[in-house]
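Next come two complexes built around subunit A: one with subunit B, the other with subunit C.
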Partner chain A sequence: MIAIAAIPLLYLIKRGSEIDRASLTNLLFRDRTIEIYTTTILLASIVLLFSFIVGSTFAWLIYNVTLPFGSLPIILSVLPLAIPSYVLTYAWISIYPGFKGFWAAVLVLTLSTSPYVTLVAVASLRRIDFTQVEAGRSLGLSQLAVLRRVIWPQMRVSLSAGLLLVFLYVLSDFGAVSLLGVNTFTRNIYTMYRATFDRNGAAVISLALILLAIFIIALEFRLRGRRTVIKSNAGIVKTHVKIKVGWLRWPLLTLIFTYALLALGVPFWVLTTRFIQNTENIDITSLISATFSTVIASFAGAILAMALALPLGILLARRSGFIPKLAESSILLTHALPGVVIGLALVALSSKFPWIYQTLPVLAFAYALLFLAKAVGSIRASLQRIAPILNDVSETLGITGFAAFRRVTLPLAAPGILIGFLLVLLTAMKELPATLMLRPTGFETLATEIWAATSISKFNEAAPYALVLIIIAAIPTFILTRPDKSDSQAQSEGLIQ
Partner chain B sequence: MTSLEVHELTVHFDGRPIVENLSIVVPSGAFAAVLGPSGCGKTTFLRSIAGLITPSSGTIRFGKQLVSISSLVLPPNKRHIGYVPQEGGLFPHLNVAENIGFGVSKNEKIDVVDEMLDLVGLKNLATRKPYQLSGGQQTRVALARALAIKPQIVLLDEPFGALDAALRNELREEVCNLLKERKTTALMVTHDREEALVSADIVALMRHGQILQYGSSRNVYSNPISPEIAVSTGDVLLLKAERDASKSIRFALSQIDLKGEIELGQLVIRPEEIIVSPEPSAASLSAIVTKVDYYGHDAVLQLLLDSWPDEEITARIAGPLGFSVGQKLWVKHAGPIRWFELPHKK
Partner chain C sequence: MRRIKAAIVISLLLLTVTACGIGGSDSQSLTVYSGRSEEFIGPFLADFEAESGIKLNIRYGDSAELAAQILEEGENSPADIFISQDAGALGAVAQDGLFKKLPDELLSLVPASFKASSGQWVGLTGRARVFAYDPRAVTTLPTSIDDLTEPSWSSKFGIAPTNASFQAFVTALRIIRGDEAAKNWLTKIVANNPKLFEKNSQIVEAIDAGQIQLGLVNHYYTWEVSKALGREINAVNGFFGPGDAGNLINVSGAGVFNTSKNQSLAHKLIEYLLTEKTQKRFVSETHEYSVLPNVITPSGQPTLKEIGAPIVNLDSLKDLKQTQELLIKVGLL
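Coming up: the complex of A and B.
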């Protein structure tokens, strides 16, 4: 399993090592590469900062303030997950043709990534025992002091993992930066691969990107410290009293509405108007076949990911020791592999084997690798929530091994596993660069159709595909946006992976 | 049913001995209670009998069958024990009937589940999920599930811990009767001294991974082997005492004259062994009430003897309370004299 996860990396290292030293130095340290480094890190850091502000503010509002309209605020602040960053970018460009460059990318990526922070923060806030907040207040702490001294220490770890996700998202984002002309690693790798088929050079740049990602992951691991969510006592009924803010709730709600307008309203308006203006030109057959391809490829990827993740999740949830540690690091490693890098590695690797080159299984495998960490995260979290005593009881009743797994573990973990599946499915539907590089010839998904049209500014043609993609991606997202209804632990664990 | 024999059992956890050289015998069909404070190792002990923890040395026998010798152990699924963990440990995804039938083979399932539902009186709740049950019902289901596999021995880990007082007494009686009727060998661990004394045939007192004393409830209560043990089975009045070569003992309530060399020690007296009366009688001493703790069914009085002002005496009296603070009354001692040497100074 670990070996499988490491295949693309090993391949890249091999290709990278085929370059002679002089051109290696040249490639890595020429001005252009330095510029790419700076741009990528700067972009990721600024987006991280903004999405932290947006996401944690929204989470705080949702968790702690009585806002009107029930669960609408949380749905609005998380639903943008369903909109791929390239679709959001395309929507913005089409209403505002001068939309381009670094700050445009900051805006789009902040809009796309803050739902992750919101979701993770809300989930970890909900895990905090509210009696601790009440105890803090009764000991004379102000709301703000409670936030700083009681709540923050307990949500720091999850939040930090959520922010890591944002950073990695920006590192691996391909669609938005390409459309906006911002020269980051991913765009550079793709261009090198396309323009010159310079695979050794692309492999070297990919390795540099992976190193950067690994560095960030290690840094986050260092900084996060230990997770400390402490339940005061089992059996206490948590009556969570939200703050009543009176008229102030309207301006607060406006914050969320403004965000939703920028992240949801703009693309929705653009897509529907373009769609309506252009109804007679829609190629119904290719729309249907692209939808079908998207569903097929993402299902195949999600199923494969779950199949690979299940043994890993069990290993990580149950046992401690060397092997799980190794597995954990190798899964973290897949974190650090952006779609364009996996795409590159698998293209080059599979082109050696004509019978699998550009076939659906390779694409599904790419999806599985890309989203393995998400799958493992949700499986592990849902397994860890099963009380160990249940397995003990089952053993004393004579049921062990696979039978116990089938009759106790699996049914209890099923909701969490399902959430993990949905998460992978959703992300696979939106995936662009690996799909572009690995799809079988003539196999067009919604994502590739959107890309084909938008990259040559044929916005009208892209609209129906984008609309369909958003609608089908909205279904799993909608389920995920209800942490109150669904298995929120598994979901947030899956997300932060 | 079968007996349980544990011989010199030692269990380590994280390199620390949790259970140390522990031996106990529970005869076939008896109900034994291991009584100890939290952290004394009683759950670890129970789990090693169940086979869920591997001991580092010692043997465990079920009747003639050796199930554990040193760290060679029979796995829990081969032991045929009925394990009732704390708070029941019901499978949350299965209903009552499915929980009960979990360990029963397919062809027996319907009959056994039916029988067990009858036994614990939950026939009408067979299709409920655990979260729809009250705490007492959950305990009943957990017991039924354990009994359904016709276990050799039933192990109960604080089975009534999560229940409120009224339900606790009722369910305890019901469970004990049920286990006794079926002549089930059972071992319960608990930190509640009343629970242990009232329900068990044999009480074992556990401290720091060892069993310090065991025997019938009455025996461990009235013949404690040390003042510490006496405290763990009930309230204790610890009094200074002196005795001479002829073993005559002088203390607060028996102020006789001693002869020759005098040895210092202490006495363990139960508060209910102090007889209190508003009128003087033979050998009674006068005292003043300094404090009254009223419990409803009984009360505890703190008394100061006129003749022995340096130690306060507590007395437990039953029934309607006729005493108040400052009142004068007469006391005498009616019970065994339990002499213990003074603890060695370290």
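Coming up: the complex of A and C.
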């Protein structure tokens, strides 16, 4: 499994080692590289901070306050997950042509990443053991002290992992930064491929990006600390009482509505108006076939991801130590890499096997590799809550090996599998760079069709494809927001990684 | 669980069905990697299929990304032919020895300035570098790219430094004036505060929107943007003085892979694209220049002779590495 996750890394090392020493130092120690490092770290950190503020505030409101309109607030604050960052950026540029630069990128990326934090935070709030909160209160702790000493430790693990996801997302995002002209690592890697066909130089820059990602992942591992949070009694369901805030709920709701207006309203408005302006030119056949292709490819990718993730998720849930940690970090690293790098690594590998190159299975494999971390995270999370003793018990009852896996582990992991599946499905639908390289020739997805009309003036041609993409990506997103139907812990953990 | 299983079974079925559908190919077919967008070449390729009975499997992508992919595939490339937006990407593939020399009948159709001297690729259409400008705001037109370094142009013009077409122009500038002079020009341009864009079309859009007055682009973008917006736009093309590096003529072109088992079919496709009929159609539909001598020019545009393009060997445009280092040095990349 580690070997699979290491494919892109090995590729980069091979390519990077082909460069001569002089150009290597020239590349790594030029002022530009330092500037790119600074821009990337600043951008990722500021987006991280903002999406932490937005996400945790919304989660707190959704969980603790009686807001009107039932589950609408949570749906509105999570639904932006369905909108690819390049579509969101196009929409913003087309209503505000001067929209450009660092702070524009901060805005767009905060809008697109805060749903991850919101989902994680809501899920971990739901899991909080309120018998401990009450115990804390009865022992005389103040509200604040309860927050700090009881609630925070219980949320820390999943929140910090959620923020790691946001950071890695910003590192690997291409759509927003390229359109807004912000020079991050990912944009620089693309520029190198585009301008010089210089695969070796781009590989060196990618390796520098990986170093940054390793540092951040190590930091997160430390921050996460050891998982010592123990539930006093999972059996007791304590009904959580929400705060009634009276008229104040309207201004609070306005916060969420404003967010939804910026993250959903803007793209939806732009796309629908463009769509209406252009109804006679819509190519229905290609729209339908692109939709079909998107669904098939992302389904296949999600299924393969789950198949690869299951053994690894089980390993990570059961064991701790060097090997599992190595596995986890190598999976996380693929997450920080721009899609073009993963795409080229798989081109280099799979083009040696002409019978499989540029077929649907390889594309599905690319998706699985790109989004494996999401799949592993959710499976591990749902297994972690299961006492290992269950397996021992089944063994004493004479059920061993595959039978035990099928009858004990698999059913227990099912919710995590479902959530991981939905997450990979959702992200694979939006994926572009690897799709462009590895799709079967002539196989156009919604994302590639949107790409084909990538200038603002042609945006009305892209509008129908973008609308359909958002609508079908909204389906898995919508299922994710329904707490009663899904396993909230697995959900939070799955998102994270 | 049951639902998950059902989902798995259904998707595996669908997977097999589509995989078969896509995998099936007959003997009379060609795999085309096209860096020219579907809009610019799709209709031409469709007509070729109809006329010749040869089926085309077309893979659209960005020229440079496709070139990177082709270099990565090497001898294993499933493609028969590569159609590229610019000469640079063709040159990079030719440099790795992946193209086979084209037959002389094809090469002889096109003048020397529009093909590789090695005969490994041939130009299909010509595209002129121009400045697009806002005719209401600009009264005195620049006659040389040096005019744009004057304070009067400060903050009023746009360039797209990450774009292949701009980099081809800078490469030409290096070849014409030498590295030091090219660096000088770039430094002065940067000091004159240009607005930076990702694409040529964005520059034309910005001129139309009144954000800038002038921008360095390829000549056909004024049509493209106007067509996409469905209205007349407030931007027209202008040319620098004869011989100025800003008037570079670049080409889109095609090469056939060594590894292709369908050489003669691939040559048929190139031949079709170079017929006078198809070339005229390029001129009227995509507003590019024909690479054949004596075919009409795009409406309202000067002929290639009148433009007075600088004399640059298009083979040398693949030398982007130093250009890029230069652009990095002056802070444009």
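The criterion applied here is as follows: the second predicted complex is superposed on the first by the 434 of 497 C-alpha atoms of A that agree within 3 Å, B and C clash if a C-alpha of one lies under 4 Å from a C-alpha of the other, contacts with A are read in each partner's own complex, and residues count from 1 in each chain.
To be clear about the criterion, contacts are C-beta pairs under 8 Å (C-beta built on N, C-alpha and C of every residue); 3 or more make two chains touch, one makes a residue touch a chain.
Owing to the predicted nature of the structure, the values given are computational and were not obtained by experimental measurement.
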| item | value |
| --- | --- |
| First, second, both or neither for A:Asp392, with subunit B first and subunit C second | first |
| First, second, both or neither for A:Val408, with subunit B first and subunit C second | first |
| Subunit B versus subunit C as contact partner of A:Phe365, first or second or both or neither | neither |
| Partner chain in contact with A:Tyr90 - subunit B first, subunit C second, else both or neither | neither |
| Subunit C versus subunit B, contacts on subunit A by residue | C |
| Subunit B versus subunit C as contact partner of A:Ile417, first or second or both or neither | second |
| Which superposed partner A:Phe99 touches (first subunit B, second subunit C, both, neither) | neither |
| Subunit C-contacting residues of subunit A that also contact subunit B | 411 |
| Of subunit A, residues touching subunit B in the complex | 235, 387, 389-390, 392-400, 407-408, 411-412 |
| Contact set on subunit A toward subunit C in their complex | 30, 32, 97-98, 178-179, 181, 191-199, 277, 293, 296, 299-300, 303, 340, 344, 347-348, 351-352, 354, 357-361, 364, 410-411, 414, 417-418, 421, 436-437, 440-443, 448, 452, 454-458, 460-461 |
| Residues on subunit B engaged by subunit A in the complex (per definition of touch) | 47, 50-52, 75-83, 85-86, 89, 91-93, 102-103, 145-146, 149, 162 |
| Complex contact set, residues of subunit C against subunit A | 1, 4, 7-8, 11-12, 14-15, 18-19, 22-23, 31, 37-39, 57-62, 64-65, 67-69, 71-74, 76-78, 89, 92, 162, 164, 167, 196-199, 201-202, 205-206, 209, 211, 224-225, 228-230, 320-321, 323-324, 328, 331, 333 |
